[in-house]
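Shared between the two complexes below is chain A, which pairs with chain B and chain C, respectively.
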Partner chain A sequence: MPHASGYFRTTYGQDTRLVDTRTQRVAAGAFICALIALPWLANPFVLDLANQTLLAVVGAVALMLLTGFAGQISLGHAGLMAAGAFCTGILSKELGASIWLTLPASAATGALLGVIFGLPSLRLRGLYLAVSTLALHFIVIYLGHEYETRRGFSTGIVIDPPRVFGWELVDGRAWYVVFLIAAGGTVLIALNWLRSRTGRAWRALHGREAVAEALGIHVPLYKLLAFVASSTLTAMLGCLFAYYRGFVSGEAFSLFLSIQYVAMVIIGGMGSIAGAVMGAVFVTLFPYGIEWLVGLVSEALPEMRGLQNAVFAINYAAFGLVMILFLVFEPQGLAGIWRRVQAYFLMWPFKQKPLSGGGK
Partner chain B sequence: MQLVVNIAVLASIYALISCGYVLIYRVSRVLSLAHGELMMLGAYGLVTTASLFAAQPGVAVAAAGLLAAATGALVYWVLMRRMTGEAVLAAVLATIALGILLRGAMVLIWSAQVQHPARMLGFDNPVVALPGGARLSTISLLLVGMNALVYLALWWFLTRTRYGIAMRAAGQNPRLAAQRGINLHAVYALAWGIAVFTGGLTGILIACDAGLDATMATIGLKAFPAALVGGLDSLVGALCGAVIVATAEVLLIHYVDPLLSDVVPFLVLTAMLIVRPWGLFGSREELDRV
Partner chain C sequence: MADQRSASVLSVDNISLAFGGLTVFHDVSFEVKPGELVALIGPNGAGKTSVLNCVGGIYQPLQGSVRFGAALLNGLRPSRIAALGVARTFQHAELFAHMSVVDNLLIGRHLGIRSSFLGEALFSRRTRDEEAAQRRAVEEVIEFVELERYRHEPVGNLSFGLQKVIGFARALAMNPSLMLLDEPSAGLNREEKEDLARFILRVKHEKGPAMLWVEHDMQMVADLADRIVVLNYGELLTQGDPAVVLADPRVIEAYLGTPA
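Let's look at the complex of A and B:
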């Protein structure tokens, strides 16, 4: 992180440190305390929002690893989530398996699918890769639907709440703790990967494959690794999502969900874990913000009451619009805005253009 | 016999839609994933013009077609012009975002109910019996004919007219084309206009045949494997790809499982990507990074 008078890092140890000033340490501590305190202060609605956001953080960070750092496009994120969710649903329905079996099984399914999703990437790049992941998305969803209809769960698979150490996870607060651990764990894992050999290899791949290969990086291996890492995390997310909702159905994992995750990465800012978190928060809370706005408008202007029935469509349109605005005017995303604000205060009273791509 | 007819109709639908994908990709190397939504917009355009010119169906259809072409050029001028020179992913995502925006906006404007523009215009759609015991609706027949017409017209346009040749030049080497005095923005806008026009035409025909609601965008997405199987920059390829995908879809639905309908095009696509990623007739190219 650039500081007012330059970088002060003189050793590798300092360079890999996650927080390096006292202010940062205090801020991080306060942030963690606030996260821990939240479930005791919030009402159930806010708690549900927080839970959804934390789940989205897991998915967004996983996709960010793949797209933002390793540079591989995936439009099949929802398919991977569906794979984890269906794996959980099928195992708990057919075998009555507990979460201790379904979570690793989902992870294994995710890893396997990661290899399958990743194999085309060894031959295809850019557009064609995006298309192949899109195709796999539809295939995974089809298989899920097929299971539902064959077994007669045509409206979806109902899952009982899991028991962890004798506790039944039904309460929003209990779930909050689980999701907080999951999201925090994912962020930490991602950060650790990125400051180690693997992360450097991914960045090199993103930069230019031929050069990465010349540097001695095993390109196919690290590409597959990126896919496997990302899809394992995503499938585990799918498993948790299935338990949280208590219900698995193919409809929940539409193409729109994949696009939402891609939007989190874009809106958050490519190549930044903090960006992924911000993007997840933004995209998850966005529809509620729109709903609130529509509520305000229809209260102020009674003749606009009809809007309330169209909230869904307004959401869609506004979401598309915001995505376009970010793509056109702020390709660096929220992380870019954050960097610029930071630079503004650091440089004050001077003005300097933000360092392009600088900082973490 | 009925199966053959079904294949021909479905292949025509896919071919008509995928020529839009091919045209845009060939000229500007952008894959427009909003094509399904733009097609739907064309059909909704007919709903609007039909209520304006209910007495003259011909005028209504022509106006809807013009509207679609104008929309295409507008999309390029307002949105895609800013995305030229950006990474491929950004351009594709911009079209996806446009698709989402359009989908929401269309539901807002025309509601989510099923519309029947054919009824509004007073067309009837009698069933035609073909020799061999096959039956199909008049509009399906029209669709097959329209497909042949559009492809002939495109072939004539691209090989015989000044603007068509400029378009091919821009697709082959944009910088050189610009050097030779071709207005790239105009050519790109024209390509978008024609692509959305053909898409809108398809949308109009499908809407007249089967009614119009938000599910139409899915057909647009299903047609896109046809374009890719044939090769994204080849019109002949799009035609062959459409026939292959439609044949696979109709046969698998008939003999294996009707649920497969949504997934068959993508299965064919995956197979093609594994064997020959650039498609049957496409040119092998240096594929781009993110």
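Let's look at the complex of A and C:
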């Protein structure tokens, strides 16, 4: 995004900074302080929403790296989360393993599955790739179910809250801290990759594979790297999710969850980490917003009380509608809207940026 | 003969290419010496771009060998060939439209960057210093091709003429010892062509890579090339000094047809 006039960079290092003007630093600092203060101001319901949102941010950013930047479509996101969750459930059930073992083990499982999920991408593209990742989703879920039934946990695996440095993580606030670190760390790592060689290679192979290859980028290697990076983060998310819920079951990782993550990436805006975060917030809070609206309507109009019973159906329909509206009217998603708002204030009182050559 | 071969940057020996029953070219041989600017010309469909693709590894020749210095290029993947020091430009520029000029050129620096995947995840001090150093290297290229005012512009917003120059700059950013230029002047207006000619000559004199240059603008070829290789319907028609080649009746016939 261009800056207002009067700001000039004087070192090459400044070109790679994430925040480089004082206003940006102050805004980022205020945002982080607000996030840290939130659990002390929020009630348990809001805190749970915040926790869910932070978890979704991890998943959405991981998928954004793969789909929005490296251009590889995946419908296996829920399957990868399930892999991390089952890995955690099985290890803590069978070996009584602590989070210090289950989290790295989930990451390793995710990395391995990333290679397997990624191999078809060397041959397949677009829809065909999506279908192959879908197949792996079902394989993971099947294996999970198989474990559940064989070991007699057919209703799901119950796991104890983890102990971290002598603290037992049961309280919503404690989890909030963990998730805030996880989400913040994921966003930071993603931004770091994107401002260095790996991220540029991903964006290049998204553009044109043959051209990327001619520029010296080993395309299969970087594709697999994108799958591995994304899957590792997603499986770690699955691990945290399992602990947070205290319960692992295949039903929690339906295909609809994968679709929701794809929706976060699309609604947020392809090719933008800020978009992934906004998409995660939007998609997570959306059903609660609809529920609240339905509640308002049925309170105001007693004859509409029947709506309360149909709230699930309304939710699905509204979700579908929003997806279509974004695809048709705002393909750049929430990030695109944000960029336009920024440009409006930056350009004011003018409407448009002068044609190229304005530079900065 | 053996001495001559080792002295050339690129030696193409009797290469042939066919897609199924369609022969693209056959038995093409030529050499490019260090620092030499060799033009590869011929009518449309003569197989010029396919020859470049065989050198760059995008196609594999069915027969014959392509050598870059002492290294045999047959069977290597394009990224490996690029790592040996071969850079190319594309007829339609083929830039990454959503990325800025700087980012496009940084992609050209890909092979020269020393940073690890994990170091990048944490943006370690080493990664940061490396990125700043690469940014500086890119700035030198930007200065060389006079693109300073467009530095942070997404390349999709720029004119086709500028995009071609950026494509050339991206290849230059790779610090190649052989540049493959695929019709760099196609689609440019007179002024842009003159700029391009200037850049090509400056690169030749100041940076010294050998260049294999596919071109349709005969005036430019006559003015700039050290040597010309002519292809016609997949056959090597002739090669040699520009003045001699361009006056060759067979070359004129290939371009203009037989007099009625």
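The rule is short, and it goes like this: the second predicted complex is superposed on the first by the 345 of 360 C-alpha atoms of A that agree within 3 Å, B and C clash if a C-alpha of one lies under 4 Å from a C-alpha of the other, contacts with A are read in each partner's own complex, and residues count from 1 in each chain.
Everything below uses one rule, namely that contacts are C-beta pairs under 8 Å (C-beta built on N, C-alpha and C of every residue); 3 or more make two chains touch, one makes a residue touch a chain.
In this text the structure is predicted, and so the values were computed from the model without any measurement.
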Requested in this report: Could you look at A:29 and tell me whether it touches chain B, chain C, both or neither (first, second, both, neither)?
Outcome: neither
Pick one for A:271: touches chain B only (first), chain C only (second), both, or neither.
-> second
For A:204 in the superposed arrangement: first (chain B), second (chain C), both or neither? second
**Prompt:** Which holds for A:104: it touches chain B only (first), chain C only (second), both, or neither?
**Reply:** neither
>> By the touch definition at the top of the document, which applies to A:44: first (chain B), second (chain C), both, or neither?
In response: neither
Chain A contact check, chain B vs chain C, more residues touched by chain B
Residue overlap on chain A between the chain B interface and the chain C interface 208
Touching chain A in the complex, chain B uses residues 31, 79, 82-83, 86, 88-90, 92-94, 96-105, 107-108, 112, 221, 224-225, 228, 259-260, 262-263, 266-267, 269-270, 273-274, 277, 287-290
The residues of chain C that touch chain A in their complex are 56-58, 77-79, 82-83, 87-88, 90, 94, 96-99, 102-103, 106-108, 110-111, 113, 115, 117, 120-123, 127-128, 131-133, 135-136, 139, 148-153, 157-158, 170, 174
Counting only contacts in the complex, chain A reaches chain B at residues 67, 71-73, 120, 123-128, 130-132, 134-136, 138-139, 142, 145-146, 149, 206, 208-209, 255-256, 259, 262-263, 266, 310, 312-321, 323-324, 327-328, 331
The residues of chain A that touch chain C in their complex are 2, 11-13, 15-16, 189, 192-193, 195-201, 203-204, 207-208, 210-219, 225, 271, 356-357, 359-360
